[in-house]
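One chain, chain A, appears in both complexes that follow, with chain B as partner in the first and chain C in the second.
Right, the complex of A and B next:
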């Protein structure tokens, strides 16, 4: 019987052996093909992969490209073998720009970019920290800027409510600079309007877990008396929990007003299409200059890469003006969150700047009073980070591991 | 007088004496039906089935300047699945249900990686790979031995036991992958987030360069292993003992065989081979991962049974299933709207229909006649 089975499917084998002879070249195709490797499904309707997929397709639409010019391998685990196979498949299809959206793709993408046969393919990796000089970059955004603005809205609400307790449902805490800088950005925004506010951080220890996201939000409201719930997690569960308990909240990733219209204030959001348009256009028209034109990308409010969703009517009157004013300062580059300059915003919306060192919640200096030295914890001790502006960005992106004063981590 | 023991409504009866030509036709028909069902689904997703199947069966190697990479990836998937299926067939032949392939593979991989990280960087590549394989084999084998010893001494259920060990192995792997600490040699040191590091160069698979294509030596090793297992099962006393134990433990006992020893020895060999496959896989993909098995522990079961536990059959079925797996990824990329879930679904449909055909080739379903008379029923059986 097995002979028979083999006979039947031997056709398949023949096909593939015949294929050996093929010498055609997809690379000379007139059409520019974009390849994308997703952690979840391309047909998702919410979440991380959905946000990237929407960004890529929107950017391609703006560039007048056809849907068929995007090749996708989806549901690729963070496994070097799986990612390498996905890259090989996309390269085989003739893709000239290969986008990987998940952090764990880093090794495989780094290796692929170094392969001589892939030297004319550009690799672009979200949230990573590796790059080379010719065909491999990474990209991420200054989401902490948007979080600062959301913090202002939350802080003003806490003043109006007369409740200084604010909750923050976080995927992780100080383990990841991404979550850590987000929490700190938000807390500093809160404190700019309400210096007495306290931000309680409760961790999920997972990037997405809807049940736990809700449970933690409920705990923050019930047991810590929080009046505003912010979040760094995938679903809108914390916002829905806030609405059910008649408190308020700031979502994340997308405008969560639709899910919790009575509770939602505003959400820090990503406009991935801003980066993808730049990356695809550059890779298509001037691939040789990709690393000089796009390079390691860390866009913020200025580029429109991050933003806050439209402020809802749940916000306190006057929030819009204050948020707009602070946003303007960051867009113009006059001021940024992680510096030695602190903003204080009074009840009339007047903004005052004060210079001074930034302290963490253990009382240690994390940015010096002159604003030139940044510190992180290394093996339990505080240590200075060498280098200029790039190193400071490096702290925010990759090594920040403390909470600013006024933040307290609790056990969910 | 009416017979009190009523014939059951539906009976499954072994089918005998089917012509080989007819069997071939049935298998062919099942593949055609499976592809037909897939084609309907593809139409509903506005994808072109012809183009999709072309991409699937060639795994995108037509008009592809990187075709050699596709072949390399093919071999990377083929080798671990083949070794695992062979190893599982050893235990299955004895009717010992080792469904712990996943766990044995994972721990074998972990053992292999440990060797790769521990040996001095100056160690010869061949020596390192052999040491890794041995480490994987020993760790895998010991798990197999534990399972079989508990089974023969205390009568523990090997199916449950090996199944549970899969999860223990997976969580051990996750523990090493997510625990950032000084002692954890498996992680990258330059990453803030915990992440598996690449294994040192000396532990990476040795390759023979043929033009652009590089052939991993594990393939040669694996094919030698097929020959070895074939001879072991058909031409040695051990092989004979395995098949007798599989047929009837009591017969084996009666004829003076040391059944417990045979079970433990065979299970050790089975799990050791899977552990070795795990170590070779680490060497081939150059880093650990919680999904390093690529489900070979499960797929291997299907392969072993589709091949009727015959080593040569296993080579053929593994080759075809790997084409299906590699091809499905490529095909889903080439077609818009088709995601990898659909590719998995189609794979499942094809396997399901072939297995169903396999069932109907081996058995027939007999339904009891409604107005059964006192006559002998055996002549009135209706076959479906």
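Right, the complex of A and C next:
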């Protein structure tokens, strides 16, 4: 019996090896291969990895590429050894562009890009801040612009409800510029239509915890009387909680109307395929010019990289027009959120611009009245950022650590 | 914002979102009383949760859902029993395998249903959703604060309390309960008086796993049955349950207290700021505690309990033969 079993196992092993060899032989070496390193599984049906995977496959489809041209290593933890191993695997398969989607891949990707044997491979890292001049970039987007638009929808709803309290379920607060600029962008959008609105921020202190996300939303609704719930977290739980308690909400990352059709207004969303199309096309056709053509990428509404999901019927009448008008201003580059110019939108949808300093919720100036100086907190004291007007993107991406006036953080 | 309302919703949340731990803990106590250490609570709860939700929504009945979660999870227990009791596999490794297997199956089933568009929308079911709504206990729910916090929960919450009291009674006052405790303490002597060790172990391993499974269903229901693909509903509660067994000193009624204590600290992460706003004099200090410490607190408490119980309570109720496979031939 044992002999038979071992024979069968040995045969199975032989066949499995043959199968491996087979796919290798079939691969055509002429084709351009894209490598991707994912933090979760490639077969996910929702969430962060899903969004990136969909973006990459959509971009490749648009470029007329075959599915087999994408090589994936998934479930890679934010651990230098694991990421390096994934990079080696993808490089040995012949990938010429390697995409890493999680922030913690930063050091391993930076090191790999500097290795002489990988000098012909382009490394592209989402959400990071490191880059080099030849083959390593990072990419992220002006999601705060989309959040401003969602804020307008939320603000108009709050006026209609006659309830100035708006809740915001946040993964983190001022600890990360990403979450902080999102909260501020949203709050400024709310205030453009409802200057009396108050945005209550309650933190999860975790990037993903469905149960806590829901509990926080319930607390904001029950105890702070919030009539609209916005969020910066992965799951749709805040929206579902809003629906169950008969209030409204703005999701994030994907159109959450599917999960909470009676509550959802609109969600700031990412169109990752916009970047991936540009990156893959450039890496494929003109790899030498990747850093000049793509470089450190920070796309916004203008590029179509971020947007808001279609406004639902839960929105107040007239929201669509106002959102479209403000979006148009940002697309054309006439105006942006974190400047010394504030938008005020009246009940008829008329947009007025007023110049003036932007204040944080402690009353300190964070953008000077002439718009030429940006401030952030350093060691507890407010201090000017070098670079004047040009510091804007750097502050939004990396150092913003205050809430604008009208925002109140509950815990911590 | 009213201070009383904050306190009420806080206590309500403690119970609603942490009671799943009680199922996990009671299930694990039943398992350990029979002399087995099942580290597969996380995976078993995941299977029970997804099985119960899918079947419950399909039949549109909460009781069918509870039964299904019990059966699905007890099949995990059956697998564990077959591997460890019949095949004498190492219990620790088998338990870990059940966790990996259970989570894998959870994502496999969930993603499959989601991708084919067949995932049920729990909120649009009628009977099932009605079954998950709060059941106000007459008179008692009129008491201020406590009435809302304790006596207006869904059936799954009350069921957890009922099961833990029943299990306590079963172990303490019934004949089979006495026998299973004997097996957990010294299987050879139980065998000598004629107890069918294999049968008893199979039944209780399946029973324990089944109870865990209902906890999984409770977690699913708490999240409105929304499957999001990358994270499991159970989210580590299975592991905390295993620690709570020691916290509760293998007593299912004490497990209720353990669950509430853990839940209290767990929920402070969400309500700390609100409580300190509501009671600035009494609880104002809560908002000054760093959130990282709040997050670590439940685990620090568990660690302290483990240390204290191992120092002071030399005669704890841990079944002597837990984790050891029984070889009849070695008697």
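FYI, the second predicted complex is superposed on the first by the 380 of 412 C-alpha atoms of A that agree within 3 Å, B and C clash if a C-alpha of one lies under 4 Å from a C-alpha of the other, contacts with A are read in each partner's own complex, and residues count from 1 in each chain.
Here is the rule we use: a contact is a pair of C-beta atoms (placed from the backbone, for glycine too) under 8 Å apart; a residue touches a chain by one contact, two chains touch by 3 or more.
Predicted model, so just to flag it, every value in this text is computed and none were measured.
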Chain B versus chain C as contact partner of A:86, first or second or both or neither: first
Winner by number of chain A residues touched, once chain B and chain C are compared: B
Which superposed partner A:222 touches (first chain B, second chain C, both, neither): second
Touching partner for A:214 - first (chain B), second (chain C), both, neither: second
Partner chain in contact with A:43 - chain B first, chain C second, else both or neither: both
Partner chain(s) touched by A:240 [first = chain B, second = chain C, both, neither]: second
First, second, both or neither for A:176, with chain B first and chain C second: first
Touching partner for A:131 - first (chain B), second (chain C), both, neither: neither
Chain A positions touched by chain B in one structure and by chain C in the second: 41, 43
Complex contacts: residues of chain A adjacent to chain C: 40-41, 43-50, 202-203, 205-206, 208-212, 214-216, 218-219, 222-225, 234-237, 240, 243-244, 259, 409-412
Chain B partner contacts - residues on chain A that touch it in the complex: 1-2, 4-9, 11-13, 15-16, 18-20, 22-27, 41-43, 67-68, 70-82, 84-86, 88-93, 103-104, 106-107, 117, 129, 175-177, 398-399, 401
Partner chain A, residues of chain C touching it in the complex: 1, 5-6, 9, 13, 17, 107, 110-111, 114-115, 123, 219, 222-224, 226-231, 233, 235, 267, 269-274, 277-278, 287, 290-292, 294-295
Contact footprint of chain A on chain B as seen in their complex: 20, 23-24, 27-28, 31, 54, 57-67, 69-70, 73, 76, 191-193, 195-196, 198, 212, 284-287, 289-292, 294, 306-308, 310, 312-313, 316-317, 319-320, 323, 326, 329-330, 332-334, 336-337, 339-341, 354, 358, 361
